[in-house]
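Chain nomenclature is as follows: A, B, C, D and E, assigned in order of appearance, with residue numbering initiated at 1 for each chain independently.
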């Protein structure tokens, strides 16, 4: 029975341990901390894989554990592990705050895992708030005035959105009288389309866009990505987006997506795609560029979600997983380049001559960026193919065409970085060595990017199976 | 040796020679001429053997056909109910082909011999002989072809070899330009031929010569289409046989080595057009308008050629223009309806014109100059053999009694007289001009006084190789002599004395000596010779007179009736104008507008979206709230319709 | 389970690629040998395939079918019929000669051959597969190595040309992507398998029209159809020799192949509906390409625009929608591929040694490099449609079909033969004939080793020019079943 | 003003809009924070109203409000520390001056 | 009966004026005071909604803790007499319009939805709250403690000077 709650338990124990560490007078060495976190990250990963096929519900079935939630927990654990690896390598966090950084990381991961399983409105909202606060603090944990400004904006924007979401929630709960999502969505008020219910649900799902950084709530992303420390940004970019997708899938899959809703989402997806891709063309700071690219990716995921069909949801699940892999690979390269460049905002010019300095990293950069652009045989392409095929089944042919044209535009700025990596001569030609731990992770990621792109069969069926199980009757 | 083996030998011998020469290693290049000559000899002998085997004209025509390409498509032939047609390649043996193949191979062999002498000290000799044998191969293919498509195939290959041979000395800029001009103009004419074949193929579904008789065609297609097809295919003939609008390339083709001009640009290739006229006579005769058109074009060519020849200084140019006018005559003969007369004149002309070219080659080689005045001044008359051959050739060209030219030209005049008086008069004028320019050439070379200084420097240079080896000397004399003999004998074949076997052979009827015609030709020759004598009795004064006099006729003749300028205008202004417009379009519209245009539009879009991200939190919030309200409003409106 | 010949042809370059990737970059010769071996292996296998190809059976042969993603109807399906047998052989020949020609590449040899082999694997895949997903997957695989080849090893303004080329190709592929998915989403479809789609999806007439237009524009961009041809000459000029050989020789054929294999196969009525438009565009292609080629100063630009003009003939053949037209188009794709590969193979050494391709400063090279000039002249002659070479047969068939289907367009398209003759011969005259120019001073001819690839290409041109019967037989079986002609 | 569910909801909506107006206009971060508190209170009112008129289990609404108050407390603490940190860094807590991150 | 009506109306007026003052006044300190006034109104409202416990919680936590914290922040951030910042007209109008629109939409929705009114009787006692907190809503109860812990540590970390930063 206890295994059902294994991943969350491990994270809680980890946070308790970290709390004790903060109390110690003589600060532990950074080396010890990173090894400890690496170990706990691996344990967490093992825990998640172990509890992958468990199903059941806890806390008087406000907390549902099924293949769907465990799948996303594994994704979050993966993102957590990679962030820890990156943090060990290069972070701009002052030494005395490193333990707190790991603490907030852990609580953030805990919050996201709970979002995956929470099927009760209150526990869902509290989980969202937990992960949100941890991310605000993670974004703030870095020396420098720019990051203060961006984290304040991040917090206030987030707080206002959660206020609006709460208001929507109150209407929804008030109308249906119960807090379990299944009952809410199956209640007579929902089916008869009461205006209060519609506006409540709309406000709540709009607020979810905040975490997904889709239009109109994507303004925080470029500033936070640019100014927060790179490992924190990698965590925000991968884990929190995946968690947002989980909740969206839970919500949309059950509600069956009325036509008007998918139309509205379509418009939002259209704008966020265009906005993300075209703005990225002008960026020189790679982290800010990746922020705009994540806004565009949010647009693609919304295209998958708005079909509301089982196919749409499973492809969104698969694409979220692919997105986490691609972005982690990109951030891994970015971290190492930032480390060699010596400052946390590597410009495109810092990627010059990467192929000469470290061919392995250049290859990984090539694979991750091309996968983000949706070039076969990588996972990004397969993900996009099935994502848009489910949308096309519902007849959104214009949106699909627009999305594909957008990915062509996106190729321009991805290829510019690749071009810098392969063509221009580097200023400092010191070889860029990749530590063993990161090299193993990198090989794993590259293998995943390529193999899952060429042999996606197993993973697509896993996604379909998970989404089918994830549907709360 | 049955026919098929002989045919294969004739066809493949030159090709094998060409391939062998290409594959020869560097040091063995010296043996190239021998290989080429051996192949030419083999081809000549086997074609003579073939001719001998079929001399009495029995069991002809025979066809040996090999499938090349199968076109199976019901929707292609609207008028004909066949669903597939096999394009094939093969050999057709009939009287016309046999005659032509013997003429081609014999002359080719003699030219090979002469080239051994002429190209003795040229270092890329191997390439020359390679191209020569390749020409022989493609010419045989053209002559023996069974259908129009095969003719077209080898037609283009012949055009290619003429391009390669004209531009043989490619270092010379003028040679390569002339070669390009020849090929492009041939190509222009071949477009018509190509279109004609395609249209014929689509409308009648067959291209075999055996099917192209006018009854079959007349009941198959209306007269108008037949005329169009006829004229289109005749365009091909005009290109190859240098007829009126497309004759400009032949004089420039003289840039090539003289044996090439002898073989290709006088006897064989240019005659291919006339041969095609005779070969596909059924098609052309199926509509009167085509024949008339052919007649008119023939006349124009003859007149233009003859008139331009009168003012040339370069010996090869004179012969080139004379070829143009003689070809015009042949085309007139066929246009007037008798293919036999045309073919007879073709055969005789082939021999004496190649003889003339070879002699001019001898002169040029010996005296290192093309200009007849310089040849004369350098003691042209002392080279006895060449002068004899020259006189013999010129006399038959003018049609003086015992020589071949007389019989064939008179036959044409006879045919024209019966057909239409106007063209008969034009033919008379042409033959008068022919006599005038041939005697002009003769007198200039014979009567000009030798200049001492020019002469001394010449002999020092000319002599050393002259007596070097007997073989080379032989190769110079044998072709000249034998061609001279043949061109005399050939004439008699057409006459009554040897029961005009040749004419019967060609299907023409008995020739009867037409006394009235004899007199007119006699008057004509005498007056032409006299006029030339008056003008060119003393070449030096004639030369000065020529250079000063400035008459309108002289300028027109000098500017070659402004045809070259018309071509110049067409290619430079019209052609390049359109190309320039397209290139500008390509640069401007296609590049700027389509490519960079869209790119800049996308970048503007990018600027807008990055402008929204202006750093002010409250702007972001207003965006969020604004869009939130819009979406909520729209959702509520569409779902529950309360608004 | 018969021996999976097709997959093994595809795997040869892939194995070569993997081996090359694991070789240390110093071992340049070893890398070259490996790539040559893999190219030779795929050539041998394709020849074996041609011998064992049973020309009378119109259906797909050597079919391979592996379930890949069941729920989306994506399966690894391979098949060969009259249409792609010649294309596979063409690719094998061009890559074999391409590898031999790029023996002289010295800058970053390992990445060069890795990209080259990856590009070829993509192209082989496109020609073999009968599943739309893999068709698209292999098609886009071919695009990125082309970008890298041009950007790293290219010549004049390579970055701009490379980016333009890639974005244009992907723009085309975007239309294909939307088209394929739209077909997938139609009722009864729900699969990406070409044959299955043909059987159980009923396209309504206006669906046919819109879909065909979309697919045609998508493929047209790659086949350098008139308004979208801008990228191809620039791409040719900037690419290194082997890349432009593959690019012009094979990549442009992907577009025309796509039109035939997907658009016409699935949407015949749509094709007939738009046939007139295609014919007009093809005419523009032919005449426009030829005219612009006369104005070019750079040798490679001339070849680039000549490819645009020759692709026009292919499009005209397709536009006639008759078996003869298709036979001519497919044969032209094959013979033009070989011809352009030969063209670039000749320009390569000239550019490497004279460092210029401008007609103005090149001259009289025939004296210094007779072999290269003979090869170039042979390629030029094939270009202007000299009989005895492949292109003549193709142009003959296409002209016959065009004159009977669209008389006016057929007649005008013949004019291009004249203009092609003009610009080819003037290029030959400026570059090879005439007095020797200073740029050609230190040019020395290609050795025996470099003679082989070009001789192979000339051999193919001549062989298929003199004996076109075999190929036309194979292709006509395919076109007869496709158009029921 | 009769004490019906809709009147309470109207009050909560009004409070919400005023809070929203505050967040959008006030340049001082602390004032924005105050407006945020207003928004959260408006939600509490609406939950309590539902609790009295709609919910069967009367403690549901109250539990919600408790959690809202707790969250508000947590949020204020973090927000205030961030604002003061920004004040220390930038010398001002005016949101319109904080626009270095642009484009 | 009338008295409850009157008192209710007074409460509403207090809440709304408090809110308006909290937002409208230029000086931040006065805003804080107006907020406290509004919160007292809300607390009183809770009593009306017969949940005394929450009214007390509201007073203690919100007014006692949060508002006082805000006032501390105002004190620390800058001297009281800081001149009021110039307000730019465009922004105010824009936000006024947006909030009015928002209110309009919400009001229309509230008015036109068929609210399922149930009986007002029920157990409002703390016992009910406690039972729910520990039975059905146990997980959020645990999590909220974690959130508060994180908030405290976050505040500590952010406010401690970074002089000993690496």
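Heads up, the rule we're going with is that a residue touches a chain if its C-beta (ideal position, glycine included) is under 8 Å from a C-beta of that chain, and two chains touch if they have at least 3 such contacts.
Everything numeric here is computed off the predicted structure, so don't read it as measured data.
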Common contacts of subunit B and subunit D, by label, are A, E
Between subunit A and subunit B, the fewest touch steps amount to 1
Of A-E and D-E, the pair joined by more C-beta contact pairs is D-E
Averaging each chain's Cα atoms, the one nearest the global Cα mean turns out to be C
Greatest centre-to-centre gap (Cα means) from subunit C is with chain E
Greatest centre-to-centre gap (Cα means) from subunit A is with chain B
Here the gap between subunit B and subunit E, centre to centre from mean Cα coordinates and rounded to Å, is 103
Between the Cα centroids of subunit C and subunit D the separation in whole angstrom comes to 65
Chain-centre distance (mean CA atoms) for subunit B and subunit C, in whole Å, is 36
So, in whole Å, the Cα centroid of subunit C is separated from that of subunit E by 71
Multi-chain contacts in subunit B, i.e. residues touching at least two other chains, fall at 610, 613, 615, 617-618, 621-622, 625-626, 632, 636, 640, 642
Note: subunit A residues in touch with at least two other chains are 122, 126, 129, 133, 136-137, 140, 153, 156, 160, 164, 171, 174-175, 177, 194-195, 199, 222-223, 282
Among line, ring, star, complete and other, the chain touch graph is other
All chain pairs satisfying the touch rule are A-B, A-C, A-D, A-E, B-C, B-D, B-E, D-E
Counting only contacts in the complex, subunit E reaches subunit A at residues 105-106, 108-110, 112-116, 118, 135-140, 143-144, 146-147, 149-151, 153-154, 157-158, 162, 164-166
Per the touch rule above, subunit C residues touching subunit A in the complex are 67-72, 111, 133, 136-138, 140-141, 143-144, 147-148, 151-152, 159, 163, 166-167, 170-171, 173-175, 177-178, 181-182, 184-185
In their shared complex, subunit B is touched by residues of subunit E numbered 91, 94-95, 98, 101-102, 105, 108-109, 112
In their shared complex, subunit C is touched by residues of subunit B numbered 67-78, 149, 152-154, 156-157, 160, 163, 167, 170-171, 173, 175-177, 179-180, 183-184, 187-188, 191, 194-195, 198-199, 201-202, 571, 575-576, 578-580, 582-583, 586, 590-591, 594-595
The answer for subunit D against subunit B in the complex is residues 20, 23-25, 95-96, 98-103
